[in-house]
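Pasting the structures here.
Look for chain A in each of the two complexes below; its partner is chain B in the first and chain C in the second.
Then we have the complex of A and B:
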């Protein structure tokens, strides 16, 4: 970047030889708050300069972002042994050089003042700091004799060689108990995709679509692979400019960028999809032969009038949406959390996917990805059912040992699950984490992990772009704390005890990974020698993989729709919305993300409750007033934000805040709407139906200024954000991209 | 702003950008931001925090409008251009506007500084000299865009508790209590690029470096470059949109083009071109 003379390849060879310790670029760690005179006894001159370190010159190294499961490639700037900044890797087909705010803030996880620097072990009821060796000895003592299924892993989504190693570890003890838990997941759609298309995670071609209809799939914010889709979205909006229509109970970031944003009664998305199909078949004479007769019969019941009655969406809007889909072909219809997370989530998602079949999008804008060719490295995708399964097992007393990694279930589990009580029944709980949180507070041993920027690893994202990518994760600096280990190293250490024959020969995870990479199929190595292959992969930070993709199927299942009955005691629907930023709460301890306002409401450092102006008027509340939101599981209080981007029967409270014990930035701040979620699951997949909760709202009488950026929501006739119609745009810039 | 200029020909200096040639510019760094691509995701803003050592001030000080976000995303709910109020629902979504220092060529902040702590550089930037600033805040008061941020407190201890301080970018300072700060177009990156070019005896190449916001943007909505270089991507955007520097009002041959500058009529001559947001209806 800054034109330095260092040959990157040479540097990376050096990194390769030195392994994790290669980033031993000692030197100026301290900021210049001490003058040279004051600190002279601490100043060490570069008598023998560190190899490849030029004071004052930053060098960029490639790695892979771990802030969510999308697997964006990054470049990290290292200067005098410190990691200073991360940027997107322009070579990565996932993010093409872009990086979201969570990726940018990965640095603050790495340097977080609340990171654990030493293991904690429970002694006389409280967690005390001990050395790594002592904690490790205890882990080995308590876990090595435990047989097979008496031990379980509860993790977030894992992939790459760590996932492979974890599977090997499970095999070595004969356990199948690996529960992959993610709050923000796409499990319901995956199940529908599997049944209808024959592939759980197909590829979406935003670049080919001329219209996108999203039922709560916040693909610009929190859905599947946001940075990738955001890049694709920019192409979709260029040239002939596609139309984006969003149907959801609460405006997401994607909704905020729509041409037509439609508010819908939660849980009725499937009915609207059938209503749109009805208009397509009757008014637009779309060929219905792609659908089985039973599906056409189901669709025939949902005339626009009936759809309006159930969904609250006006009949002319239903027609308008259908007309867009008819005129702008091929289109792409997506579904996300607000459509899925209901008792009828699967039905709704199936009805929504049916629109793709009816419109002939399958094979056009939805195609097979072919799947990552090395199966053991593919992502183990998370679900929320996994949490319930784990809790049930723990509750039965069937577990002696639990390892928890990449998840904070005590925080994210709904209160009705009584997760903490069930977890307490596991005799020995090991948490592998960077931070103390609500879950580690219950652990018997807390093993502090090295940060993603101090660890070796690989990552295969669940959603793969057109160029399939294996993300390479390399340490960008020396570990901040000596008593931490990378996740891979922990897995390897466990395996060495259980399968010494196969794993004893690896000194560390780096050695394992380096060897494992050379074991990849020859086709992926493009004829390179072991050393050359390793060097280029580490240097580029990724490996591009090609595969052949079969055609997708297009089965349409039973489309019968059942919608929940109105509950008079609890007149409102709770929408616990996800934020690109704090995510499910895991990033609430990163001050940049706390201070960055929510994209839509512009609230910072706190929780809020979104209400429609009509609802607010009916309740007699205004912005800043505190309301009490009560479900059958409990109540939360939050300040009101009033805007027209929420359905009048809905109160939307974002996830992410409400931590009890998650460091100085997150603790005792806001509320966690997941806690009051009712005990409802999707009937087909068993996923926790987080959007199916009915609540009542009462005024508390308290009020204060809502912490929200900006004064005016109005431009007062000034051209601050100019807007033109798409017709004008297509006339001037359509067809070809004006530079 | 030198004393000679001040005493000699104030009005010529003040209008120098319009008549041209008064300043001898080496570069003129400018931006073009396509609001059709901007989704308001905040990536640029957080990238700016990371690059420029921006202090995190916390909820209370944010509430007092003391946030230090050099680049903020403004969000509006109305659409005066389309003439709609969207009745019961916000049918056409939100209007997002990334706002950073507009690096005006006729900057209203510059002439009011009593100590010339803010001045126009030969790169066409509004520079802020921190150790000359006495904290009068006149500049902030005079900025029509509200894009200058004052350090009411010393944030070093509160914003970067160890080891967060290790992330601080050593290429620029951490500002202390009592000084004004604002977006610099990542002047440290500009400086590095210029130094490198000079060392290699060449001109700065368009695209060889980027501002942190433009680099992070997932949709590539932000284009940064030298507007004195007619082949730069940013120059081409301005030209294609028929927007010219040095004018308070643009007379476009094609009035349908989307390019405009925010509050251009104030004759501040900003160097940030915005391309209008597009909606189907």
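Then we have the complex of A and C:
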């Protein structure tokens, strides 16, 4: 501050400006470098002003969030041509105006200083910047002659017209190789739903339920459509307050909101479900005729005592859960990753869904959505099996070309898959991305994409609430970088080369999309003319779509439960937990989300390992100590966070950190628990069993303070709000003032 | 260089600053426009009464007159070149407050002109002069008022402006 010094006395005077005389403000008259800036900044006026633009006044435009697959509608505030803020679109039935922290942080992806602004091409072993034309010419040269099935696409979930265009592209080259990959998915439950209800993604009516039993379905944080469910949950909790029970090995955000939170030994959730059914049938005389005899036999085996032995859940807790469900009908029973990312995941999920059948919830709190009426626009839902399938094909040398979009498999694939080695066998790899990451580091060509807020598109979320929605994605500002293209534009350009007759007439993806939208069935267009329909859809940011929903089936399959044997060398279970925020690691480069403390542990900017106080005591570790967590696949090190909300046999490490190469905010920070996941898959669906890994824990002797917001996790017996009844008040405090 | 404006119900802020001469792509003469021809400041800085920013006049606004007026003058020729190239001139900003200061032109114009009984809107330049000096007499504008916190706060005290920190710092 030399030259511009404010001394302490002046500063104190100026802090007291309220009643001070003018003389007291001398500190505020100090010329500072900021107030002296003259001629340092440029201002350009409009050449011709837009009628609706007033500089300094924001205009809100509608679009759709792309930060996860839920498809929430957004309104973006644009000022002087710049997007400044996004909020939820109140008209969208998916989020009714809400937006989660990942959605809010979308702007940090858009303006991220690590965004790629030019294509990269591998020359002499390293990636160098080239012009779009040069990169594109190379892509065309290397891919146009490749036989259809020797080319593959590996993408995250895609939907809407981009998905339709991608399948047209696949058709035009005669390839079936589109692998849709998501680590955080609900695939096992979807397979069970398909088999038992006849529909993979039905609607869950939280609003009609009086009790919810969740087996690790973190619907307030990371499960399926969190903003929508949070909204519904608020309704469930108000008025006739519903009861929420959560059963999981590690407390999630949903778990933290429960009335009853139950820690369970990982992989035994199906047994508990059967145990609850057992109590319902024997103690509460629930009518079991909805279930086939084989299912009743399976249930009969699991008495509360046996359930306790297998799951670690106390017998009276089993009875208590059953009682809640019996008393409060209709209820809703859900399952999520911690219940079904196991070798027996499918059986567990089936047993859990059986409870809905037994309790008569199917048709009440679980309804058919009817499915999105335009099939080609429906979401291609991701699975983790897709990654293994892709890797197997690459390993056989069956692929000459791979296009990778919306996924970072080199980071998320478990070490046992040796994914990088297998990917290396693909001769020519094209990555379409906004950022350089672990996967693009292996690519031959990296095409920089325009951000979601610079692109046209449509989105049909896999989960559709009561009011079915097609989300409209419109650019909220001009692209920041001239040499980026939207995903739709890249697909269209590829298609134009392969099927000129049908696509040549579209100058860009906007032209294609606009035309394609006007081809939607007349019923969806509510009798509007092309221009009117397009304008209103873009303006609203969504299209409401109605369908007729058939009744769901309620088949109950074989419920035989298999549980894994105890592994003595590796006494603990690893839970790689998902966080609303970093997700599978894709948002680790957004500083707000790194800075935002985890909802439960309140740790930020790093990884941590949750241990139960008993376990920590046994191991002789305390908060901040580094432990080594070792599986049959390798080891990671993280700082201990001692927490009661975790099963004593579990060590929970969040996903998302541990990047090697993902920009300045994410790289070299924390560890990735997915790396040490054992080579186990769900026997029925082939999904990677991310929660089936057994580990051992050793002390490293290192320790430092855990970066964590907030002091204690407990209220030390105090209530949130102290209350007394009127009677007690009168007796103790009311005195003579009370009539 | 203090302006002794006599805006009713207002005490002009006190303070001076000797600003640098900031070069501009075209030396716009404020005196010819605002003083000699009596054009109201808000005719060109049209957003001042509607927004936090006063706005630099769009090139189309200049051309509105200068396709017919003074077309042979060198500066107008220069302007016409910009117009024909479809490029607005890049002006150098003379008056600026730090990003942590929230200043709105609209509110100040409301207080001193539109909601100020006895004040005629044709005298807007006297109010603008509170913070910008007697720009009407300048050619290229330069900064003659300090626009620092003391300057603002003193004016707020005298004229009954808010003294909450968050009014300006948000």
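We adopt the following convention: the second predicted complex is superposed on the first by the 662 of 739 C-alpha atoms of A that agree within 3 Å, B and C clash if a C-alpha of one lies under 4 Å from a C-alpha of the other, contacts with A are read in each partner's own complex, and residues count from 1 in each chain.
Quick note on the criterion: a contact is a pair of C-beta atoms (placed from the backbone, for glycine too) under 8 Å apart; a residue touches a chain by one contact, two chains touch by 3 or more.
Note that the coordinates shown come from a computational prediction; the quantities given were computed from them, not determined experimentally.
Asker: For A:112, select first, second, both or neither according to whether it touches chain B, chain C, the two together, or no partner.
Answerer: first
Asker: For A:479, select first, second, both or neither according to whether it touches chain B, chain C, the two together, or no partner.
Answerer: Neither chain B nor chain C is touched by A:479.
Asker: So, A:670: does it touch chain B (first), chain C (second), both, or neither?
Answerer: It touches nothing on chain B or chain C.
Asker: On the A-aligned overlay, A:597 touches which partner chain: chain B = first, chain C = second, or both, or neither?
Answerer: first
Asker: Looking only at chain A, is it chain B or chain C that touches more of its residues?
Answerer: B
Asker: Name the contact category of A:54: first (chain B only), second (chain C only), both, or neither.
Answerer: second
Asker: Going by the contact rule set out at the top, does A:713 touch chain B (first), chain C (second), both, or neither?
Answerer: Only chain B; A:713 stays clear of chain C.
Asker: If you lay the two complexes on top of each other, which residues of chain A touch chain B in one and chain C in the other?
Answerer: 29, 31-32, 56.
Asker: Once bound in the complex, which stretches of chain B touch chain A?
Answerer: 35-37, 39-43, 45-47, 49-51, 56-59, 62-63, 67, 69, 72-82, 86, 88-97, 156, 159, 161-170, 174, 192-193, 196, 199-200, 209, 212, 215-221, 233, 236-237, 240, 254, 256-258, 260, 262-263, 274, 276-281
Asker: What part of chain A is in contact with chain C in the complex they form?
Answerer: These residues of chain A touch chain C: 14, 17-18, 22, 25-32, 34-35, 37-49, 54-57.
Asker: Which bits of chain A are touching chain B when the two form their complex?
Answerer: Against chain B, chain A makes touches at 1-3, 29, 31-33, 56, 79-80, 82-88, 95, 97-101, 103-105, 107-108, 110-113, 220-221, 226-227, 230-231, 233-234, 237-238, 241, 243, 246, 251, 253, 255-263, 480, 580-581, 591-597, 599-600, 602, 604-606, 614, 643-645, 664, 705, 707, 709-710, 712-715, 717-726, 728-729, 731-733, 738-739.
Asker: Enumerate the contact residues on chain C facing chain A in the complex.
Answerer: Result: residues 15, 19-20, 22-23, 47, 50-53, 55-60, 83, 86-94, 96-98, 104, 142-143, 146-151, 153-154, 157, 163 of chain C touch chain A.
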